[in-house]
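Shared between the two complexes below is chain A, which has chain B as its partner in the first and chain C in the second.
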Partner chain A sequence: MSNPLALIGRGATYVALSLAAFVSVFPFFWMVIGSTNTNADLIRGKATPGDALWRNIEVFFTSADLPRVVFNSFFIAGVGTVLTLLVSSLAGYGFEVFRSRTRERVFAVMLLMLSVPFAALMIPLFILMANLKLMNSYQAIILPSVASIFIIFYFRQATKAFPHELRDAARIDGLKEWQIFLFVYMPVMRSTYAAATIIVFMTHWNNYLWPLIVLQTNDMKTLPLVVATLSQGYTPDFAVVMVGSIFATLPTLIIFFLLQRRFVEGMLGAVK
Partner chain B sequence: MSSNTTRRGFKLAGALAGISMLSISVAAAQQITVWCWDPNFNGATMEEAFSRYQAQHPDATIDIQVFDKAAMEQKLQAQLASGSTDGLPDIVLVEDYRAQKYLLSFPGAFEPLTGKIDYSAFAPYKVEVSTVDGQTYSMPFDSGVTGLFYRSDALAEAGYSAADLENITWDQLIEIGKGVKEKTGKTLLPIDPNASDLFRIMMQSAGSWYFDASGNPTIADNPVFKSTLETYQRLLTADITKPVAGWTEYTGSFTSGDTLATPTGVWMTATIKANPDQSGMWAVAPIPRLGDIDASVNASNLGGSSWYVLSSAPEKETAIDFLASVWGQDVDFYQKILVNQGALGSLLAAREGEAYQASDEFFGGEPVWQNFSTWLAEIPPVNYGIFTEEADAAVVAQIPAITGGGNIDEIVAQIDAQVRQQTQ
Partner chain C sequence: MAQSHLARNERINGWAFVMPALILIGIFMIYPIIWSLWMSFQVGRGMQFSFGGLTNIIRLTQDPIFMRALTNTLIFLAIQVPIMLVLALLFANALNNPNIWGRGFFRTAIFLPCVTSLVAYSVTFKAMFAADGIINQMLMGLHIIGSPIPWLADPFWAKVVVIAAITWRWTGYNMIFYLAAMQNIDRSIYEAARIDGVPAWARFWYLTVPMLKPVILFTAVISTIGTLQLFDEPNLLTQGGPSDSTLTLSMYIYNLSFKFMPSFGYAATVSYVIVILVAILSFLQFLAVRDRRA
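Up next, the complex of A and B:
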């Protein structure tokens, strides 16, 4: 028999957790329910499923060249994620493994740059891209984010747990430094990569401000830009916005569930 | 007969298709790019305007790019600030309140249209907002002429007829609100305590603004501004308003019948008419005026926007020709966008057209468009200056003090101090 005080404590924990779960799940629930209602019902706060889902989907699909938009989003997020992971993990590995006083200084300066908001970099970056003749291109969106300071920092921290012995053993076996990175480091750190994939993919997928500024034609638009267009105007149809939001959320959600276990491991910094 | 027409139609279509194939390379060189922010409103009217132009100029094509409004402004501002004109459109839609800010912050970025467009044909206040140093830059588009939209059924139930709302003061409206509350138990107006709409409407009805023509704050010692705050205070303390948060809740409040009226711009018509089951239950009265200010009239403005041509535009000449020949004079075009998009343009001659004369069953068979355009010509012109948003923020910050029954003279002094600090 457990004592009544512990029971009460446990009950309180469950109430608090249920509340927290409700608060975090409700927006998602509201999005799904909203997408099945008409705009008028949605504004009235109707929280039961309606029958306007197909109509909303139809409106959403005719509001933009969707296959093209989805392709743009996937291409930018996909290529961007692979490049960011490669470059930034290599940098994070390098900073941790090949230490020197100068490199520490460079690293410190980089961390300082984390505090510069993007809004301040936007216009110089825009001029740079205009001079490089890269306006309205995929490169203009992908390139500036490939060297992500946060991801470099994240990999550097994770590399601290990477056993020296493994590297030494690989060297004795005759592997070159780039081979050690590719064939020893990367497989061992797969949880870290999984966690970083989710973070980087989400950043690329949801990126809004920079694509908005640098993309100029309708055929280059990404999903967040299309959803943002839907939600404004003088008489926005919020039900269609909900359909758009579901569409924009799904890929991140799928990737998260696929990598969920590794994500948790990666966040804990586990190396097995 | 009909089959004959159809066959001819096919031949014509074939011929047109042939022409358009041939002219693809030419057309690419004459594409006008437009930025705007509402696919159903300004985007749709632009499309209609262009189809008329294209009938005369088959070589020209258009690319209308619709953004979210704040995003479009950010994009435009970033690009103008960077000095790179690569990728800017030929024509851009600018909200009237922001026009002066753009024109003064980026001199030379926009093309003056004085001499190319006959501005005497437009509502004077629309021309005023886009004039800097004697040069006018805009093709005036939609008007934000205001009216008091109200549920005629509920007000009739409380014993008020249309005549009771004709050319009244805000204080008379407060009395009506109290009467309605007493008889029906319902609240008259939804008020968003983070919006400055009512202040703007009240000030402009008396031809006054936060700033004078040379941009100096006219907040302290301005009887109109003081009266505006006092009126707002009486309105909010009379228990005839319901607080709402944000746009959705605001529009939802009166379209669901929760509140019974709202003073706002003509562009709200589309939102109100989106509920066909309320047809015949609505009416529009002239906007109330400030009772203690002689200059205040029963006409004002809220919002509205205009088209601007960029100096760097690759298709500048075509763009100007297009604007001047359709937007500048085509009365028939204005009838069409009034009916289809509910867009009330600023071309005064459009008032004589058929659609403007027609009555609207939704509003109890009243000629609402005729009324709106009569009020349109009466709106006192003001110069919005470049710091309207900063002044708005200063006013909104004091709304809790105003509704809390604070001393208006002290509040005016606070607003004045904040505006001066931010705009020097």
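Up next, the complex of A and C:
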């Protein structure tokens, strides 16, 4: 450490990290400051808190049927997350525990499909939903993302760490396979589920393009759609948009801070 | 007898566990992707289709807006992905050093952007990069620029804002993958190298980077796929403008299908351009990593 070069290196590291941390956090700070100012002050770059917060919240609440919009968002993200975790963890477990050559081939094809971009699916999906008379419905939003190849892969990787002995012991005790999954596997793997919950909930909650295509009436809109609509047009009121952004960010932010340790743990499991 | 019963049981359960997922993937991925391929050879407006052979592919080569969307998407890819991955790797390396004070704080701070919704951060960036907005105020305050930059009104700067926004959102995400992989590397290798007098940059370049190759490949492929289907950020920040300078392929597909008189067949052809690009680039990245290992 007495080496002056190493000392400079350490100093530069701290400067770079501090700068990165500042840049990362600044937009959050700006969101909060912006929500307290008038639109005119916000656009002028006023960096101190103002006193327009209540007015902005009021305008935001009158711009849409907010309780309904928040309900839509939570309903879609909640039901979507539960179904995705259930279907995808079942498959991930199944692929890892019951091996057969056919299923390995199916799995390989599935992994290849991980790289199919959504853009290539959205038009046929749109026509499919129209034919099924599911346009503008919760099902149309939730169903296409329930079988997530990424989450299936994630659970298959995590299942490699699930002890064989537990499964063998449960079989000797006479448990059926679905009971083993439900009463042994799920409780043992709860930190994997916690990490997957964060990822899946965020994906559903933040989804923008597909709901934009499918949800057509105001009573079905989700928070991202409402915030996006407010920000477009010729003279958007950015102070009100900032209030909306805070609303849209808060749930995922809270979940992240509650489950932060689990999150990193789960990611570690996925990469190994 | 007991053996065959067990094998049968295994077979039934094996399919039962994966079947719900496979059925859903069949309906919502395989069926659409095949349909999309069929549709890319159809011409016509709205739901009226007729077989057009190579008409759509010929139209692609003569379509200046498609060419612009393709160029923009490739520019975003070629500039944004390397910048982001290098930054993520450097931050991860710095935070993997146990002698750095406040590692937990820095890690959380740099990861925090990943928690925001794409819509929320895009509109926040739009407000920050307004003509008289905070970014211009700060840059002018620091005397980096003399007069405000027309961020979202200038074709060049609009691209810069989109790149800055995506980099802000995803660097921490990739960093977490690198950090996780670095924590699996045996620290004694670094100790041995340090005792042998290998400087820090060489330890990073000759020890850390080669050992992270699989993870770097993974993040490169994921980021490539993500950038090739970029939609949310440019749609919210610039709506493709000014004069189509930030229009991406996904936005063009959206515009072709849902904004103008729907031209589903041609839009499907454009979407297959993304499929082919993803396939080629993933394959090249795979080759690049394998070659350097040999």
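Methods note: the second predicted complex is superposed on the first by the 255 of 272 C-alpha atoms of A that agree within 3 Å, B and C clash if a C-alpha of one lies under 4 Å from a C-alpha of the other, contacts with A are read in each partner's own complex, and residues count from 1 in each chain.
We adopt the following convention: contacts are C-beta pairs under 8 Å (C-beta built on N, C-alpha and C of every residue); 3 or more make two chains touch, one makes a residue touch a chain.
These figures come from a predicted structure and were not determined experimentally.
Superposition model on chain A: chain B and chain C are shown in a clashing arrangement.
Between chain B and chain C, the partner in contact with more residues of chain A is C. In the superposition on chain A, no contact is made by A:71 with either chain B or chain C.
In the superposed model, A:44 lies in contact with both chain B and chain C.
After overlaying the two complexes on the shared chain, residue contacts for A:29 are found with neither chain B nor chain C.
Contacts of A:106 after superposition: chain C is touched, whereas chain B is not reached.
In the superposition on chain A, A:205 makes contact with chain C only, while chain B stays out of contact range.
Legend: residue contacts after superposition of the two complexes on their common chain; A:127 is shown touching both chain B and chain C.
In the superposition on chain A, A:183 contacts neither chain B nor chain C. For the superposition on chain A, the stretches of chain C under consideration are 9-17, 27-35 or 63-71; the one running into chain B is 63-71. Note: residues 43-44, 122-123, 126-127, 209, 213, 225, 228, 231-232, 238 of chain A belong to the chain B contact set and to the chain C contact set alike, using the contact criterion stated above.
Put simply, chain A touches chain C in their complex at residues 6, 9-10, 13-14, 16-17, 20-21, 23-25, 27-28, 30-31, 34, 42-45, 47, 87-88, 90-91, 93-95, 97-100, 103, 106, 110, 113, 115-128, 143-144, 146-147, 149, 152, 177, 181, 202, 205-206, 208-209, 213, 223-225, 227-228, 230-232, 238, 241-242, 244-246, 248-249, 252-253, 256, 260, 264, 267-268, 271-272. Across the complex, chain A meets chain B through its residues 40, 43-44, 63, 122-123, 126-127, 130, 135-136, 209, 212-213, 216-218, 225, 228-229, 231-235, 238.
Across the complex, chain C meets chain A through its residues 10-11, 13-18, 20-25, 27-33, 35-36, 39, 47, 87, 90-91, 94-95, 97, 99-100, 105-106, 108-110, 112-113, 115-128, 130-138, 168, 171-172, 176-177, 180-181, 183-184, 200, 215, 218, 221, 225, 228-229, 231-232, 236, 239, 249-250, 253-254, 257-258, 264, 267-268, 271-272, 274-275, 278-279, 282. Within the complex, the chain B residues that touch chain A are 37-41, 63, 65-71, 74-75, 78-79, 81-84, 86-87, 248, 251-252, 255-256, 267, 270-271, 274-275.
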